[in-house]
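Here it is, the structure in full.
Labels A, B, C and D are assigned to the chains in the order they are written; within every chain, residues are numbered from 1.
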Amino acid sequence: MEPVEDTPARATLRARAWVHLESPSGAQRGISRFNRVVIWMILASSVMVILETEKTLVASLPLVFLAGEIIFATMFTFEYLLRTWAAGEHPQGRWHYLTRPSSLFDLLALASFYAPFLPVSGALLRLIRLARILRLARLGQFSVALQNLTFALSARRFELMLSLVIAFTLMLFSSTLLYLVEGRAQPDAFGSIPRALWWSVATLTTVGYGDVIPGSGLGKMLAGLTALSGIGVIAMPAGIVASALTEVLRSRRLQSGEDTRD
Amino acid sequence: MEPVEDTPARATLRARAWVHLESPSGAQRGISRFNRVVIWMILASSVMVILETEKTLVASLPLVFLAGEIIFATMFTFEYLLRTWAAGEHPQGRWHYLTRPSSLFDLLALASFYAPFLPVSGALLRLIRLARILRLARLGQFSVALQNLTFALSARRFELMLSLVIAFTLMLFSSTLLYLVEGRAQPDAFGSIPRALWWSVATLTTVGYGDVIPGSGLGKMLAGLTALSGIGVIAMPAGIVASALTEVLRSRRLQSGEDTRD
Amino acid sequence: MEPVEDTPARATLRARAWVHLESPSGAQRGISRFNRVVIWMILASSVMVILETEKTLVASLPLVFLAGEIIFATMFTFEYLLRTWAAGEHPQGRWHYLTRPSSLFDLLALASFYAPFLPVSGALLRLIRLARILRLARLGQFSVALQNLTFALSARRFELMLSLVIAFTLMLFSSTLLYLVEGRAQPDAFGSIPRALWWSVATLTTVGYGDVIPGSGLGKMLAGLTALSGIGVIAMPAGIVASALTEVLRSRRLQSGEDTRD
Amino acid sequence: MEPVEDTPARATLRARAWVHLESPSGAQRGISRFNRVVIWMILASSVMVILETEKTLVASLPLVFLAGEIIFATMFTFEYLLRTWAAGEHPQGRWHYLTRPSSLFDLLALASFYAPFLPVSGALLRLIRLARILRLARLGQFSVALQNLTFALSARRFELMLSLVIAFTLMLFSSTLLYLVEGRAQPDAFGSIPRALWWSVATLTTVGYGDVIPGSGLGKMLAGLTALSGIGVIAMPAGIVASALTEVLRSRRLQSGEDTRD
């Protein structure tokens, strides 16, 4: 986990900092202790962004949030300056490092820490910093799992898209039928196809908010059939993901040759 | 994608139009650029049909919708006339082309574009035009996915029907029980088996609108058991689809011979 | 389908009736035309039982329902007498046929047709006649599907029971927690563990009626975690059924030897 | 099931009691008759703890509950004393037996039986006794199922955690969007990200309580997309569990060598 041992003893301080900051030797080295701390700090600052949107909380603990913002802004500014300083070790020079997309994204994320001191609110923008974790973590042990999942999902992307097309067709079909059947009785809920779609998506995904419900016998029968179709809408993607992952695990096993019989 | 190159340079204009309109050389050629435009136009006109049912939207933008209707009616009329003209290239003649089922369906779809100018509303009829996409698209890269899915679902059709029969039996059983237990206390909701079925289908599919709920302790216990059975009602088809697709992918792999060991 | 051809031409009328009524040569012969009619009649009479519980329907069409009851009672009485007469062909005699469990069940089902003429209501009892279909149908092409499903479910019955035990534990755990957190604020909904169980089962099965909802922040957090656990409660049985069916299909394929490579 | 036969006839009473109480020869011997009774008593006393939280029930049957508490406290005290006495047979002595963690847990569970006679309520603490079942049952025939499930789930733990991370990201994303879109119109429901999370978790898990619903068109569109994402949130873990169990069953089959071909 700690790549310090491999660093030659005579390495300069900056070179050793560079290793800790960017782990240039790749993912197999794991995440350095420094970057782990940064990841936890990003998570903590994101939780604070989330909680800060709750004004009653900010009103009761104003100093805690102010202190938090100042501390996080200071620490991430320090982290950015540290990386800028250590980037002198980058093979293609500091300027190249600072202008590559991921570093510019870091700068954007850093700017978001100064947002609370400006008259803007942009919670969405400030949560984008969570994406920094992706680069820092390099996902560690999750990388194989991510590979399996993305490979399985992309191998069966047409089946998954097809099941989405089927879901959309069912949604359009059932909302058109309920618009025709219930439109006159409940104009607010079923007075148009776009309005009926709200009911339709809630029913087909089995969410079932229950704010809008057909009133007539025919409408209820059609709604029951829609709810039953919803089982298929959930069962199909589940089945596709299952078979896709079974395939991926099987071909991984064959590649690794750990079992030559099968 | 573009079959123009293969057309002999000396081909007449009509012959070249025919190739673009009907791609007679088959699915492997893909969808011609002309038909792609037609597909997007069908989608756009369908979105307009959906939005037009929302009267507040039509009231605020009456000219946009009127213009849209006129433009779409004109364009699809032009498309139909173009196909009719180019159909002189059809091996069995223009009349044979125009009277085959899919062309008659095209005519019906075309007629639906003139519906807004008549005193009819038929949104359902007008959305049938979406089915034209099926013929034009020939589904392209989706055709393998569709084949996999339909093969898997049809190979396990009896298992799927059986799980539907089980779902219906559970539905009938639980609605009869709740009619007996809650019928007197809530005659509107559980006063008959057909009424109780509305609650039953919402619970077994885990939609759970919540408009109708048993009030007595016994009724709630039975409802809880029904909700738990709902897990099985969803798990069974999901499991059947998963195993069916696993089988299909396996036999495809064997047929293609890409891996002779397994 | 029709076993008439195999019947020797000199067979008595009773013997030929017997073949049609009981199809003694087994399931591979399929269901006789006579029994098909009986199955549809049972379904029709069951639909009538269901609709009859809706008193507004009976009030508006009293004669239809009365006629239906008389017709069904007559027809099923005739069917029973016919079977009794033909049972003279039974190898062990008519008395043995009439006293075997399935025939006694037929008699009970027949009695239920006379229930509407008595001052009893027992809809549940009258729907038991649906079970007669099982014997008459012998399930035909469904028998393989039923065998696959029951074999898969029974092979993994301990896994399925375990997932049910996990579901019950989660249910008990979350309802105890919400009883402790919300019990004082909402005594009607969370004032005791049995009361909180109603909320808990609706949440874990993702039914989510929404009649009972925690009000405090802590309660909502626990409810959110319960809802997330609900995903596992549904995913686990779905996964178990999927893997069990994959196994069953695989071993069926091996047994039939249709593909020796596998 | 009953290990009595194997006990030498000349064994002392204490040695024979020890065999019944602790079944030292392991899980393959199954659960002794004595421990079965204890398990049922634990279940019965837990049901009583659950029912006792319903004060209306206690008020109507005060003597039943009082008698139950006294009987259970007496019986479990007797059971504990019996185990203490028989523990003289333990190879490392009675003191070692009494101070091992599982015995201390037994003592804690025993103490909980005296809670109703003290002015404390702690239903959660008293239900901890259910955990005693785990040790007593040694899970019997469930142990293979439990092994299969835990092996499958732990082999795919990173995929499962990843699908949880995706679910959390979707939840955070959709609640931030709805906070921005609906926050001003419905400050109580969407006035902050933590508040919007309540709606978000109910929608993504397809629970759909329906107490909180976006009102604007844009909010409803985003909610519809969130509900559709919910399908993936359920389908992914279901698929992962299915493929993981398929793998486990396959490797079990290979290990047992019951089928050398595959």
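Basically, contacts are C-beta pairs under 8 Å (C-beta built on N, C-alpha and C of every residue); 3 or more make two chains touch, one makes a residue touch a chain.
Predicted model, so just to flag it, every value in this text is computed and none were measured.
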Farthest CA centroid from subunit B: chain D
Comparing which residue numbers subunit C and subunit D contribute to their contact, where sharing over half means same and under half means different, the two sides are different
Separation of the C-alpha centres, subunit A versus subunit C, in whole Å, is 43
Expressed in whole Å, how far the mean CA point of subunit A lies from that of subunit B is 30
The positions of subunit B in contact with two or more other chains are 194, 206-210, 234-235, 238-240, 242-244, 246, 262
Within the complex, subunit A is touched by subunit B residues 49-51, 53-55, 57, 123-124, 127, 130, 141-142, 144-146, 148-149, 164, 167, 194, 197-198, 201-202, 205-211, 233-234, 237-246, 248-249, 259, 261-262
So, in the complex, the side of subunit C touching subunit D is made of residues 156, 158-159, 161-163, 169, 172, 176-177, 179-180, 183, 191-195, 203, 206-210, 213, 217, 220, 224, 227-228, 230-232, 234-236, 238-240, 242-243, 246-247, 250, 254, 260, 262
Counting only contacts in the complex, subunit D reaches subunit B at residues 206-210, 235, 238-239, 242, 246
